[in-house]
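The following blocks contain the structures, represented as structure tokens.
Each of the next two complexes has chain A plus one more chain, namely chain B in the first and chain C in the second.
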Partner chain A sequence: MSRPTSRALPRGVPAGLAGVLALAAAWEAYKALLPDDGWVLGDTRILPRTTDVAMPHLWDMVARAAEPLTSAADAEPLWLATLRGAGSTLGVAAVGWLTGVTVGLLVAVLMARFLPARAGLLPWVVLSQTVPLIAIAPLVKRWGSRLEIGALDWQDWMSVAVIASYLAFFPVAVGALRGFTSPDHASTDVHLELFRAYGVGWWATFWRLRVPASVPFLLPALRLAAANAVVGTVVAEVSTGLRGGLGRMIVEFGASASADPAKQWSPIAGAALVGLAATGVVALLGAGLRRYQTGEEAR
Partner chain B sequence: MHRKYVLTAVTGAVALALTGCGGASAGTPESDSDLIPVTLQLQWVAQAQFAGYYAAVDQGYYEDEGLDVTIQEAGTDTVPIDVLASGDADYAISWVPKVLGSIEQGTQVTNVAQVFERSGTMQIAFKDSGIVEPADLAGKKVGSWGYGNEWELFAGMQEAGVDTSSDIELVQQAFDMNGFLAGDIDAAQAMTYNEYAQVLETENPETGKLYQPEDLNVIDWNDHGTAMLQDAVWADSARLAEDPAYEETTVAFLKASLKGWVYVRDHPEEAATIVTAAGSTLGASHQLWQANEVNKLIWPSTSGIGLMNADQWEQTVAIAMGTKNETGATVITSEPPESAYTTEYVEQATAELVEAGVDVMGAQYEPLEVKLEAGGS
Partner chain C sequence: MSAVVATGVGRVFGPAGGAGGTVALSDVDLTVAAGELVSLIGPSGCGKSTLLRLVADLDTPTSGSLTVFGKTPARARADQDYGIAFQQAGLLPWRSVQANVELPLQLHGASRAERAARAAELLALVGLTDFAGHRPDQLSGGMQQRVAIARALARWPRLLLMDEPFGALDEMTRERLQDELLKIRAETGAAVVFVTHSIPEAVYLSDRVVVMTPRPGRVVADLEIALGSPAERAARGIALREDPAFFERVSTVREALHAGEAGLPARDRGAAGAPDRAGR
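Coming up: the complex of A and B.
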């Protein structure tokens, strides 16, 4: 029925490693097997070029990562700068994730509690995600720089976190709403009937029934939110030019994409690491909530 | 776990606060100094293109004028003039044609110093392409960045009788030169101080050595009469009109900034190092190349650094009104207002510099010969 949690993680690790290796092998195989010019059908390129500029060898990327960031005397190695950038991005993404999850849960509770709120809010929640990020990023940065909340001096990284939370709240709001209302839809579910029969109030029903029932819906939403927060952070870093994170590194290294093509793959690999770390944390969270999942897993 | 997040956030906040990435100066007095806080919005991240301002910070020129200057970098979606107009910066650096459109739509900004008097934009092609002049671009795959960076190219082609809607194949160019090197673009847009150098830092697979200037043909818009004015210092017109303190700050800011550019002219190596120390990740030889090329856009100065040459302004405006891009749009439809530029403050600033014995003309200026290394390192 419920497998031991301690084995769940280690079991995933070899599979994950195999996946990474397969990707690496595919990269090099593609590079080795296809012509330099890729595949062109008529005037349209179907498959990308395989030159060392377009697709550097993996070992070149690794070798470049070991070299210093710049030729300045005190420059740190590229991999260290990348890890530092990854740490910064992860920190901002974490703040964005927490904010997004909080807002998403609040919105979901509101929509679950009041039917008019659901009708009124849900379209806006969906609509919010159709606004392009590049349109809101400069606005958020500008509004942020005008904010003065008590002693808090608004920092640029907070604007980036807000943008990340804007992407992160959506799956949580939608997922949590589905979770909270899942007892309503389950025709075979006698729980709600039981609670009603005993005359339990809405909030007590919420905490005892709806919240536990929402866990299976919530966990994938939290994972999606984590991925969104990371993507949102990197994109917002690119968009607003925030220093310290991976997005800024990707922008800056793009300038040497022709002359030093292996360089920009370090922050890209860093972004993958941040994504892994973020989903890893959510997986741990899921492990902690495992006992709420068992009843629902069969469905 | 949550505590760790908060810790990360707090650490980040402290680090940012320490490095002084604060927002705009709303006039909050610094506790331990009576310097006037000033925020300058760049149009891109730190690089030698903005060496003069970084040098002025590093050399204490701003402090000498009683200013505490914060330099704000831009991201890909930052519009410096919008940041200035919304009051989040006191001054902004931007190209003239990019601002003319904003002014026509009602943005109240004034060019207070035209720092670059030459254009750094070129169209480059490989020798064997046979592209030497703008007229040769007909029938070719012509690269363009778009987004307001294309006007000199379009003006140059239209001047040469090339029908820009039917004679060329316009290729959207990325901010690297891979499309050009791979042959997707016959003639690519390139700034003297960036993309041109990127090509020269790349190994030529045929020779095994770096590409050489001899391998390339260059169309320099300065030589074809379609150059437009680029990096200038912009200020808030409304504040200039009603705030004498801001006017005073403007003179002080220009004086220190232009002195910074004089420093870059006289010490290009040190200037490149200053910019790298300010956080640019460009390689050392690329940074020095950029400092040197930017110097060439300023020096020798026709009328003194920062002073607008009326004929160049008129040429820029004429192209902005008369040239259509691929969508048929022009930058502006009517003459910009009088307030679009003024030489009042820069004249005062350079007069003070001359009085202090600073050479604002650079008549004797000789550029360096910079050797680019592979990858710009």
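Coming up: the complex of A and C.
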């Protein structure tokens, strides 16, 4: 075949790098151009301070990352501690993502299979997302600690994963439902007519038609769910005070920011890395499902 | 046994009981013998697709009775007595050509080896052996339609239902596929109900041409074509298309179509005229 083979780097990588560089340049330019006190209009500060405490230089952040975590003699370097924290956060987020995706898919199947369920469930699915996450995080932790499921000993990280999954399931439920029902909305319903003509039931139609047809809708939903799971994990780590992850590090280092302003930027960069890793995994998944992504419309 | 027997079949869309509904079909009688190739022809909206969908049990008549090989259409559909093809090929874009042909077999639990063997056979029949591994979007419209026909034949149906399958194709491709359909018909011995807008196509392909008119959809003529068996017709090809006997049949069908049409505007004018005059 004469199709050009895909290059070693995905198309988004150069653009992404350019974006990061532009952001770094903007940061330093802002610091250089604006007064230390930011911009104050009357009593209101409309642009933030640019002092080294509020906005450390990028090279200071990098230098700080190379130094030890604390002044203790055997302390590991900050970057290593950050990576460790990132690994922990990524792990919890992955569990939250998997749980959320599973629940989201189940809800979508339920809604696609039973029309009344679609009418009955969808408002609840939407409503579920209006509950403020920070408010429920401590509650979930408390409920979790009282749970006893057979031999399973409920851990605090599980509460965090539950909160992450809570954010992750929403885009999946909505995206998968749209995908599963896309044959109903196609410009012509040849495919559905064909499956009817073959005299097969709903489930055979589901596996052979609705599931493959849902892929173009499902992939963006999975990517969104991955981002949501990471954000949910970090926020829940902050509000439940879970040890080991980036959320806790951001809070702790933030508390000592006036003395060591560059330190907290390491876990913040770590959180961005975790987000990248999570969406990267979904992108890989998408590459594996490429043949399902062409020409979603009936031919 | 007849492949299709329709007696007094009607289909009204909209509110049950009639008031305000669209009468898509009214009192249609139609018999298609086993192995016979019958074309339905008529202006847009005369209920050709509706009739085909009733036979396929994709829709149910509101009056009259319909049997397919002596069974209810629902039974015939469950038994997979027919294969069906539409104007859109309707191939699944994520499947290869071969996997598309195998789809009906797969859905009914044929083994991988059985499927592959049957698909190879069918792709040879429609001349697409070399394209088995291609994706549908790599094929031309005519090739896609051939895949769709192969797919419709996958489970050895005794009846093939086709709704303007060549409607979107250019004239050359169309004539080639018509020859292929005759060849397939000769090899499989399946009955075919073929919906078309093209008079020459109907005459060339059919043992019988059934002429329909709209509002309400009815059968106004049922014409025997008698230009030889499908195999003979396929063998004669272009010679047949240029035969005076062919043109004579084309004229007959055209006249029947226009007579059917003519009956209608006269009545339409009367019906539309009255309120018109009353309005002034």
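One rule holds for everything that comes next: the second predicted complex is superposed on the first by the 284 of 299 C-alpha atoms of A that agree within 3 Å, B and C clash if a C-alpha of one lies under 4 Å from a C-alpha of the other, contacts with A are read in each partner's own complex, and residues count from 1 in each chain.
The working rule: contacts are C-beta pairs under 8 Å (C-beta built on N, C-alpha and C of every residue); 3 or more make two chains touch, one makes a residue touch a chain.
In this text the structure is predicted, and so the values were computed from the model without any measurement.
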Regarding the shared-chain residue A:Ile46, is it in contact with chain B (first), chain C (second), both, or neither?
-> neither
Which partner does A:Arg146 contact after superposing on A: first (chain B), second (chain C), both, neither?
-> first
Identify the partner contact of A:Leu127: answer first if only chain B is touched, second if only chain C is, both if each is, neither if none is.
-> neither
What's your read, chain B or chain C touching more residues of chain A?
-> B
Which partner does A:Pro212 reach: the first (chain B), the second (chain C), both, or neither?
-> second
Report for A:Ala32: first if it touches chain B alone, second if chain C alone, otherwise both or neither.
-> neither
Tell me which partner A:Leu69 touches in the superposition: chain B (first), chain C (second), both or neither.
-> first
Once the shared chain is lined up, is A:His191 touching chain B (first), chain C (second), both, or neither of them?
-> second
Sort out for me which residues of chain A touch chain B in the complex.
-> 49, 51, 53-54, 69-72, 87-88, 90-92, 94-95, 98, 134, 137-138, 142, 144-146, 153-157, 161, 237-244, 248-249, 251-260, 263, 281, 284
Parts of chain A lying in touch with chain C, wherever the complex brings them together = 188, 190-191, 193-200, 204, 208-209, 212, 215, 291-292, 294-296, 298-299
Chain B contacts chain A in the complex at 1-2, 5, 8-9, 11-13, 15-17, 19, 21-24, 45, 73-79, 82-83, 86, 88, 175-178, 181-182, 194, 198-199, 201-202, 273, 276-277, 279-286, 373-377
In the complex, go through chain C and note every residue touching chain A.
-> 56, 58, 77-80, 82, 84, 86, 88-94, 103-104, 106-108, 135-137, 144
